[in-house]
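Two complexes follow with chain A in common, the first pairing it with chain B and the second with chain C.
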Partner chain A sequence: MECKLVPSICSYCGTGCGLLFEVIDDQIVNTLPMKTHPVNEGKLCIKGWNLHEHVNSFLRLKQPLIKTFGRFIKADWNEAIGLAADRFRNIIDQYGPDSVGVLVSAKITNEENYLAQKFARAVIGTNNVDHCARL
Partner chain B sequence: MQDTVKAWLENGTIDVFLGYKKVDNHPLPHCFTKARLEELEDLVVSPDRYPLEKIATHMTTAKPEVKIGMLARDCTQRALNVLYIWNQLDPEKIQTLNVNCCPSPLKEKADCSYLRPATVGDYKKEKGVNNAALLEQLSEYGQEERLGRWMYEFQKCIKCYGCRNICPVCFCKECSLEHEDLIKTGALPPEIPVFHLIRAVHMAGRCIDCGLCEEACPMDIPLRLLYRKVNDIVAQVFDYKTGTSASQSPFNILGDSVTLEPKPIQLTGTDS
Partner chain C sequence: MAGLAAAFGSGAMTNSIAEIEDAGCILIIGSNTTSCHPLIARRVLRAKEKGAKLIVADPRNIQLSRFADVSVNHRLGSDVALLNGMMHLILQNDWHAKQYIAERTEGFEALEETLKAYTPEKVQAITGVDVHDLGKITQLYATHPPASLLYAMGITQHTTGVDNVKSCCNLAMLCGNVGVYGGGVNPLRGQNNVQGACDMGGLPNVLTGYQPVTDAGVREKFAQAWGRDIPEKPGLTITDMVPAMLEGKLKGLYVIGENPKLSDPDWNHLNHALKQLDFLVVQDLFLSETAQVADVVFSAASVAEKEGTVTNTERRCMRLHKAVDPIHNTLPDWEIISRLSTAMAYDMSYENPEAIFNEIASLTPNSYAGMTYERMGLDGLQWPCPDPHHPGTPYLHKDKFARGKGRFHALEYQDPAEMPDEEYPYFLTTGRMFAHFHTGTMTRVSPHLDVEQKTGYAEINPTDAGKLTVNEGDILVLSSRRGRMEAPAHVTESVEPGTIFLPIHFGENPTNVLTDAEAFDPLAKIPEFKVSAVKIEKLTIE
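Let's turn to the complex of A and B:
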């Protein structure tokens, strides 16, 4: 019998509430708020309280899927990224870079958000960058 | 404290011990085992409380034969009593190491997160219910004013249901909050104050007044006061003080026999 309480940060929004995952025999069974965390001081919202449920959900996506003839087929990352890049190339060549927009997230780090805007401006060539916290 | 736990783990009295360990200056609940006895040096009594007995219930669900030891405050003891009554834990498999908490002349050192002074603003004092108030003070308000004040508190609810999730005595497999026939997936959560009042009724004979729900409430709803009132009625009607013993509860009809009879109701006129 192994029981661990693993401190973590809520992955839902940019607030960054501290929480603890209750891990019993390598299964996450519960989420508890971290009482001493300076951000949330032992409180959570409904999404944070139920964070453990999506980790174990059977509906969770664990690998990329490519839609082929109307059906999702499992694929590997190289194949999926290659296909996405090819389609972006086609769309940009045909309709121009402003036909593409990049939506980023409060859930990812500052550095990742920076990379995403760099990708939009330098690689794709558009200023269409927006953030979920602005919606 | 460390030596006792070490001895328990070594002689097989318990398989695991639930206590607190300082991790980067945060006292976090931790499960100590025989395989990692050296961790016991970091065992602390945390002023910040977590529902250790709830973790024990989850462990027992995963593996019923596991023997668990834990740090126990008075509220932990009361919660354990309720969990024994409702067959969620087996008293034979639980060892407690008692620590100081609620202040009393018998205990010189009190150690509990609930003892931090409550901060109640002027607006809340005027419109709502003071978390630090006593039941008698509340019954001084007229019925209409009291309803208004409670509704002010309930309408602040952000529906995180943290009060239910942290509650050590909330263990029902089928919670009416998740019942498919009562609340459909994708439907809006129940209107205010439906959830609060149903939960208050469900807390009768269950709530052990640990105050974890109020600590977890982002909106500072005086839940402890509400459930205290419910259990006050239980004490009046059944002469049953929740959590004080591990003997039959008047609400537990699954036992061999009902040992408690309802007391004749005395109308005192101060009912609130």
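Let's turn to the complex of A and C:
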């Protein structure tokens, strides 16, 4: 049995508590507060203590989906990415780059937000990029 | 954040979470801190133990109200009047920081002029806070420095959201509380990387570190780095995207990790708008309400399955470490975006998130330039961190405001867009509860959180419940000018008579059926979730 503690940051709310995922044989079994962390000093709230539960949920999406005649069909990455790229390309060609919008997220990382707005600005060619801080 | 940037020059929490413990007085306005930011509430209680004074101003009786030295329930949407009333009394009692105002701020004279009219009697008439209580909270705030002001969505989700924030800034500067340890104006961000999403240029008018797209020099720098021209015209905000979809101007939408169907104002309006799109891609962990109406769904890896950084409400950039591999056929969001870009003939091949971070640091001179994965360690670094030897910045505006001088804004109180009337006699407000997060996509699938609260509900005061002969658990029908919904009644003194409260987490009781997409702050484009007018009836089965 292999056991490790992997440092991370809580996803719920903007406080940013430091925590440790307890991983046994490649399964996250628990979330523990990080004692040394300057924000939460070894404490967590009920949401933080249960952070691993959403990771392990059986309701997680397991593969890309493509809607065909109103129903989702399981797809692989090449199909899903290829379809999205073609459709966005067609829309841009027909209506211009400002006919596409990108909503980035307060739930993804800095690196991912950076790439998402880079995608909007450099790849699509629009500043139509926003997120839900307003909501 | 537009209000903070206008007053101080930087749209972020001015001070650090740990400093709250050392405040002399804490004013909490429009934040249900124990529910939404429990580990910040802990600091507030620690401060109290150390002798700090605590003031809670909230339309509801929240948990922290019970710990407060003085707690007031000002009427929904009357924040500007309340804060103006406090400042009126501060000037009257000569409690303001005269030297600080003279040396570090501008616009004081105009504010002073406006404040003259906000006598305690007038403020009582608008806010419902009695003259005596107003005097007490003002005295506590003004005479126990450093005073820290904490606020959240209760301040911002109004048609006057920017004015509310500016008023908070006015109050703090009037007493010299900005740029000092333990003081400040501290917005508590609702989601774990809202600060980071803004810092990274996830906004229609700025690139990373708030560098404006309208600045030719900035565009040139990014064009060099990215090999593509950067469009000059600021883009659409989320609030502007909805009408653009309805008018057929916005044809394609890529939604990453968001569930706007539940979080946007006016569900019916948005639902209709999404149907007008030619193509919708949603990238998420779950088949959220929004993902269900998508054409393509990208299955994303979770927080535990990738590397990267997030920036918390106190500007602290911290690392996530990968604990396990992505499950099944999921990919980290950064990899999905890279693949989509590459498929659209723009090569985006990064070895890992660290390589992306280094690109960010190289393009973001003042705030992130001095940060590396190695320097962040486990504690993270707080921006501004301009060079590799800079230790990071626990509190902002120390000797000088980011914009030079702190700016006072003279503001008049304005009514919310919708006030109760004969047809819709109740105030409706919305908010969050301790066990759930935002639209519930993550917390409601978590067994230990789901069990705490399985359904939505509507809080109603016992007086109103009596009038309508409603008991705990009876189904209420709530309707507004936009739509109607049902929810079981929760009879509680938490809400004042005449006010109904709904939590936002539950898709089967969508509060945004009732709220108004047309009512939003003209500058910040934040919808007025916190105030609308409704009527309520008891559901009777015939």
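The definition used in the following text is that the second predicted complex is superposed on the first by the 103 of 135 C-alpha atoms of A that agree within 3 Å, B and C clash if a C-alpha of one lies under 4 Å from a C-alpha of the other, contacts with A are read in each partner's own complex, and residues count from 1 in each chain.
In this section, a contact is a pair of C-beta atoms (placed from the backbone, for glycine too) under 8 Å apart; a residue touches a chain by one contact, two chains touch by 3 or more.
The model shown is predicted, which means the values in this text are computed figures rather than measured ones.
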Partner chain in contact with A:Ile24 - chain B first, chain C second, else both or neither: first
Touch count on chain A, higher of chain B and chain C: C
Touched partner set for A:Met34, first chain B, second chain C, both or neither: both
Partner chain in contact with A:His131 - chain B first, chain C second, else both or neither: second
Chain B versus chain C as contact partner of A:Gly42, first or second or both or neither: first
Which of chain B and chain C A:Glu2 touches, first, second, both or neither: first
Those residues of chain A which chain B touches in one complex and chain C touches in the other: 7, 27, 34, 36-37, 43-46, 48-49
Contacting residues of chain B [partner chain A, same complex]: 15-16, 18, 23, 25-31, 33, 48-51, 54-55, 58-59, 62-63, 66, 113, 158-162, 165-166, 215-218
Contact set on chain A toward chain C in their complex: 6-18, 21, 23, 26-28, 34, 36-40, 43-55, 57, 59-67, 72, 75-77, 80-85, 87-89, 91, 94-95, 97-123, 125-135
Touching residues on chain A, where the partner in the complex is chain B: 1-5, 7, 20, 22, 24-25, 27, 29-37, 42-46, 48-49
